[in-house]
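Two complexes, one shared chain (chain A), two partners (chain B, chain C).
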Partner chain A sequence: MTTSPTGPSALPLRTVKVENLSRVEGEGGLYARVENGVVREVKLDIFEPPRFFEAFLRGRHFQEVPDITARICGICPVAYQMSSVHALEAAMGVTITPEIRALRRLLYCGEWIESHALHIYLLQAPDFLGYDSAIAMAADHPKEVEQGLRLKKIGNDLLELLGGRATHPVSVCVGGFYKAPRRAELLKLKPDLEWGLEASLATVKLVAGLKFPDFAPDYEFVSVSHPDEYPMNERRIVSSAGVDIEPAEFERVSLEEHVEHSTALHSKRADTGRSYFVGPLARINLNLEKLFPRAKEAAKTCGIRWPSRNPFQGIVARAVELVHAYEEAITLVDAYQQPALSRVEIKVRAGEGCAATEAPRGVLYHRYRVNNQGLVEFARIVPPTAQNYRRMEDDLRLYLPGILDRSEPEIARACEDLIRNYDPCISCSTHFLKLKLDRE
Partner chain B sequence: MNRPASQSKVERGAAKAAASLRVVGLGNPVAGDDSVGLEIVNRLRARGDCEGELVSLPQAGVGLMDALENVEAVLFIDAVSSGSPAGTLHLVPLPSGEVAPRALATLSSHGWGLAETLKLMEALGRAIPRLALLGVELGTVEPGAARSPAVEAAMETLVERFPAVYAFLAAAEKTGWAGPLRFPPGDTSLAGL
Partner chain C sequence: MASDARPKLAVHKFSSCDGCQLALLSLEDELLSLVGEVEVAYFLEASSATAAGPYDVVLVEGSITTPHDAERIKAVRKDAKYLITIGACATAGGIQALRNWADVEEFARFVYPTPAFIHTLKESTPISSHVAVDFELSGCPINKVQLLEVITSLLQGRAPHLPPHAVCMECKRRGTVCVTVAQGIPCLGPLTLAGCGAICPAYNRGCYGCFGPMENPNPDSLTNHLQRAGASPGELVRLLRGFTGYAEAFRSASEKLEKTAP
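Moving on to the complex of A and B:
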């Protein structure tokens, strides 16, 4: 980080730069201009080269898609696989079995576990406890960091068992799985999952006791919604402002646009042009009653009032979801019987389909058109972080005026903390953060 | 489509001294010479007579710590950039001043590597096994590029002479290690091992 040679807030123009935002997935920058105490401009500079996955997919066989889209992210590859297989199954009229559906949910639980544990303990906890890194924090809080590492590892173990490997799993296909695990293999994980459930309940208590800045914008929260389940794989998309649509209507409601300072697209409401918020906080706010029992109890007794509009309390939402993911994983493992067929037969036909699933960071929408040979003619992928960028910029506009009396490094750090609430995966959207603050 | 499905799994080589040494290949399989550590482990695995465990970690991140658990010694094989000619081999005991951690406060999760892993293990008070790095000086890390001819040649030498590397490490455990060894491109004798 570099700061201007000028001093504190009284000066008309000041500049703060954070060359790279730390503890996020990927790299990028932030620019803000403040004139006489008024925030004139905020830009998240997403400077990584665009990755062109949608173009790569054109002309590819549909069955290659989950393997290619998994490469979009090393932290949330399952999300990309899940949204792609559901969208392609919709395009070709494929119906999966309840057993495959349950196995997909279990795989998704593994990803939520490893991603949430990573973010809570290694990426965001240092913000609240006043450390620059998880390494610095580990020296004073080894027990908590060890707990986080073990929580994460169990998620990775689950992914490896179901997916063939923890990073970019290879077992997922359109129609199901190339291979389903044996029941005995899954049962071996149960003691770890049971430990993880207790540890994640302790995590909720830990993070709910943190001190949260007083900040609560008027958000529109958006998530997937299912009548009976906490949202993961299906199906409708709802919002706190009354949206309740099938995924096929998503592009009518949410509009992606290019902005000059970003290689990632920004999403906004098509009608109002307003930003919206996706992720664990949105999910809990919109689906609290559908959490598994212990997760729901933890949410309701941890001292946070839901729905919460404080983005800093996203760490509590993430911890509650960690409980849910462990709890649901145990239930799914208990009920699991190895299916006779791990995937259903696909009858290739031309068609178009879309789906939205819940990546650890929020709604992930995919749409594909395939021809009668099963080759992809069109692909659209709208990642959660890209949907949140405009909301992050809005947050910064609202947050900056209240912290301008601080020193430049403190302002920079506070802005980083605010952005980390979103657990941004810049690589997915395309990558992240420099803060440059001009003040006049 | 190329599917290195076995890459994240620990595979045991010949039973000899299996728990004492773990050979861990690091790198990016689709970034030119950065794939060299992974490819060497693939070839050692195909050789079938290597000592210890063979592990490939194409995207290790925080999970790198798992590779350092329950083992006496770990040899990392990775592409390195030190300014030497491409194909130069470096055998370096770790920790070493030559492998410095990046500025920790500016790390994204993508910046997490071996140096950060060792720092975290140290902070947690975890036992760190004896460590060494077998580095292959890279030429290009262009995405999708083929490996440089000099790196290919170094790789062939290493795979062929790997028993000598293992013997050197085993001896160094008893007699100590004076410091980093370097072998220029084209040196197939690896004299000194």
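Moving on to the complex of A and C:
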């Protein structure tokens, strides 16, 4: 780092600028200004063009909502479908059957598998192993990349069977599914799911052995919580700082803020103004004991101490959840009997309802108001990545002072690696930060 | 990756959900052989390494919704030998084109506490409204097998084999009983380009048109039939204004319905 006098006293001023984040979903960049080793300003520039989903959902029929909200994210469409159907069912007082509930969890397992395998192997592993992409990594580590691709493919196969296609599945509706699969169809997937369980256990070993930077901020972790299940579809929201609320109280506790450098809203705690952390690391830290047995065993024997406050160990949390999702999927397939009715009847009535489910990247909150014609009057959607933005900025603020002695490309790379821990979904948010350092 | 004799592939994103470029990464069985045939030169979602243009094949996802993107697409075109749009957003404007029938400033006020921070165009438009496009691949999302066919055909120097007919034909091939005839469910299958495999009727629901209109569809015939079967004009306007609602055939059909029965 070079410095030069800029006023009465010499102020070593550095600007860190990353034009385009890579290996993240969607488009964003990063800017930071450092003076005398003190980080003065950090901004995640989110320039993903706004699409106004909450505005054009107004006037649509409630049954169109899960199809439309799926399009918020091509990587986690099921999460958007799940939060919207649960919220709309709450609005109209619809109770689903245990069979439909189980099938929804199975569908969600498919998405967690596809999304987690994508992030672990194709988006984040190159950071730890020093490659620009999984494609480049495949030249030296073909077995691992092929394992990752197959783990991902099985998730997609499950989504295709239950939903017709992996991206924007067509089977989900308010009240259940347009069609439920036959037991024989699901059983055909079992050998692959069993392979996936073993391969995901191997994945935990692989990623737990990576070298993690020494970094552990004082996070408030937030996740959905259920008394007997690892959180996925329902229902309360809890935090490591003692929050324990119904989804209806979410907007009182979490506040969305609009900042000039972003087309995404940024969330913070309404009372303390502090950032918080959602995603696999938050889920494991808050729900370790509710993991399925082999996932729990893998978590406890992999050498990571939980709760972990090291965001770089998010890759291990994601791998443990990959085990869980495969394990739970096998259990659900074994128990599955095709229900007589794939969807419950809905009596349209005016009402308002909300729900939070666990998208692969964390808590996803939806609230809707419908009229007596079943048309949407109001919609609010709070995606996980929007909740993490402020936390990412806080992380950069804490992380930067420790790495300022490095070269410009190294600083950029380190900042980008830090952001990728969050698996940001910028369209709702992939892999590249271009660094610009201005030295004065 | 070092420059070599392989054709250079670039992927660019505009206003979209990422689901169509994800189709490349979802070619799990073919991905590693595909990257043996083409150099992935610019694909931010998959790689931090970028090589400068010009590129032989450029895949464009997303629609144009901001003044900045209206300029960026021109630069993308300049660097592209073949520009192929992938998906409903790039080909028809996407679901975000619902703003084209509304007041986008009201939309911004509804969604954002400080609408002044938001810079957006009044309309969401397909890539072809801004620059010349060499090939349009439909779908919300695209079918990854069709994407592979388009890339393969380019590498082989032939025209891609993609079905030109309606979704109805795919239902017949699959043996799906017509949901409109048998159950009275409104379905856009007779107007919609095949390619998805007619999954919606196979899952016991009507097609919602995500592959956009086929060539020379007859929307009047379908909307008249569905109205006789009991569908309201409002319901049909919503059905036509989905993920490809701004494509000409669907757009004119929904506007006509709106005029005749407000």
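Some observations on this one:
Throughout what follows, the second predicted complex is superposed on the first by the 413 of 440 C-alpha atoms of A that agree within 3 Å, B and C clash if a C-alpha of one lies under 4 Å from a C-alpha of the other, contacts with A are read in each partner's own complex, and residues count from 1 in each chain.
As a convention for this text, contacts are C-beta pairs under 8 Å (C-beta built on N, C-alpha and C of every residue); 3 or more make two chains touch, one makes a residue touch a chain.
Remember, it's a predicted structure, so these values are computed and weren't measured experimentally.
With chain A as the common reference, chain B cannot sit beside chain C without a clash. Contacts of A:E416 after superposition: chain C is touched, whereas chain B is not reached.
Touch criterion met: A:C73 reaches chain C, while chain B stays clear of it.
In the superposition on chain A, no contact is made by A:L400 with either chain B or chain C. Contact with chain C, but none with chain B, is seen for A:R150 once the two complexes are overlaid on the shared chain. In the superposition on chain A, no contact is made by A:L106 with either chain B or chain C.
Of the two partners chain B and chain C, more residues of chain A are touched by C.
When both complexes are aligned on chain A, the segment of chain C among 114-122, 132-140 or 222-230 whose C-alpha atoms clash with chain B is 132-140.
Applying the stated touch rule to the two superposed structures, the overlap between the chain B and chain C interfaces on chain A comprises residues 20-27, 64, 67, 74-75, 118, 122-123, 132-136, 138, 142, 145-146, 149, 152-153, 156, 164-168, 170, 427, 432. Residues of chain B touching chain A in their complex: 1, 3, 5, 7-9, 58-59, 61-63, 65-66, 104-110, 116, 119-120, 123-125. Chain A makes touch with chain C in their complex at residues 20-27, 47-56, 58, 60-61, 64, 67-68, 71-75, 77, 118, 122-123, 126, 132-136, 138, 142, 145-146, 149-150, 152-153, 156, 163-168, 170-171, 173, 178-179, 256-260, 262-263, 265, 416, 425, 427-428, 430-433. Of all the residues in chain A, the ones that touch chain B in their complex are 19-27, 64, 67, 74-75, 118, 122-123, 132-136, 138-139, 142, 145-146, 149, 152-153, 156, 160, 164-168, 170, 426-427, 432. By the touch criterion stated above, chain C contacts chain A in their complex at residues 1, 13-23, 25-26, 28-29, 31-32, 35, 40, 43-50, 62, 65-66, 68-69, 94-96, 98-99, 102, 104, 106-108, 110-114, 117-118, 120, 124, 140-141, 196, 199-200, 202-205, 208, 210, 235, 238, 242-243.
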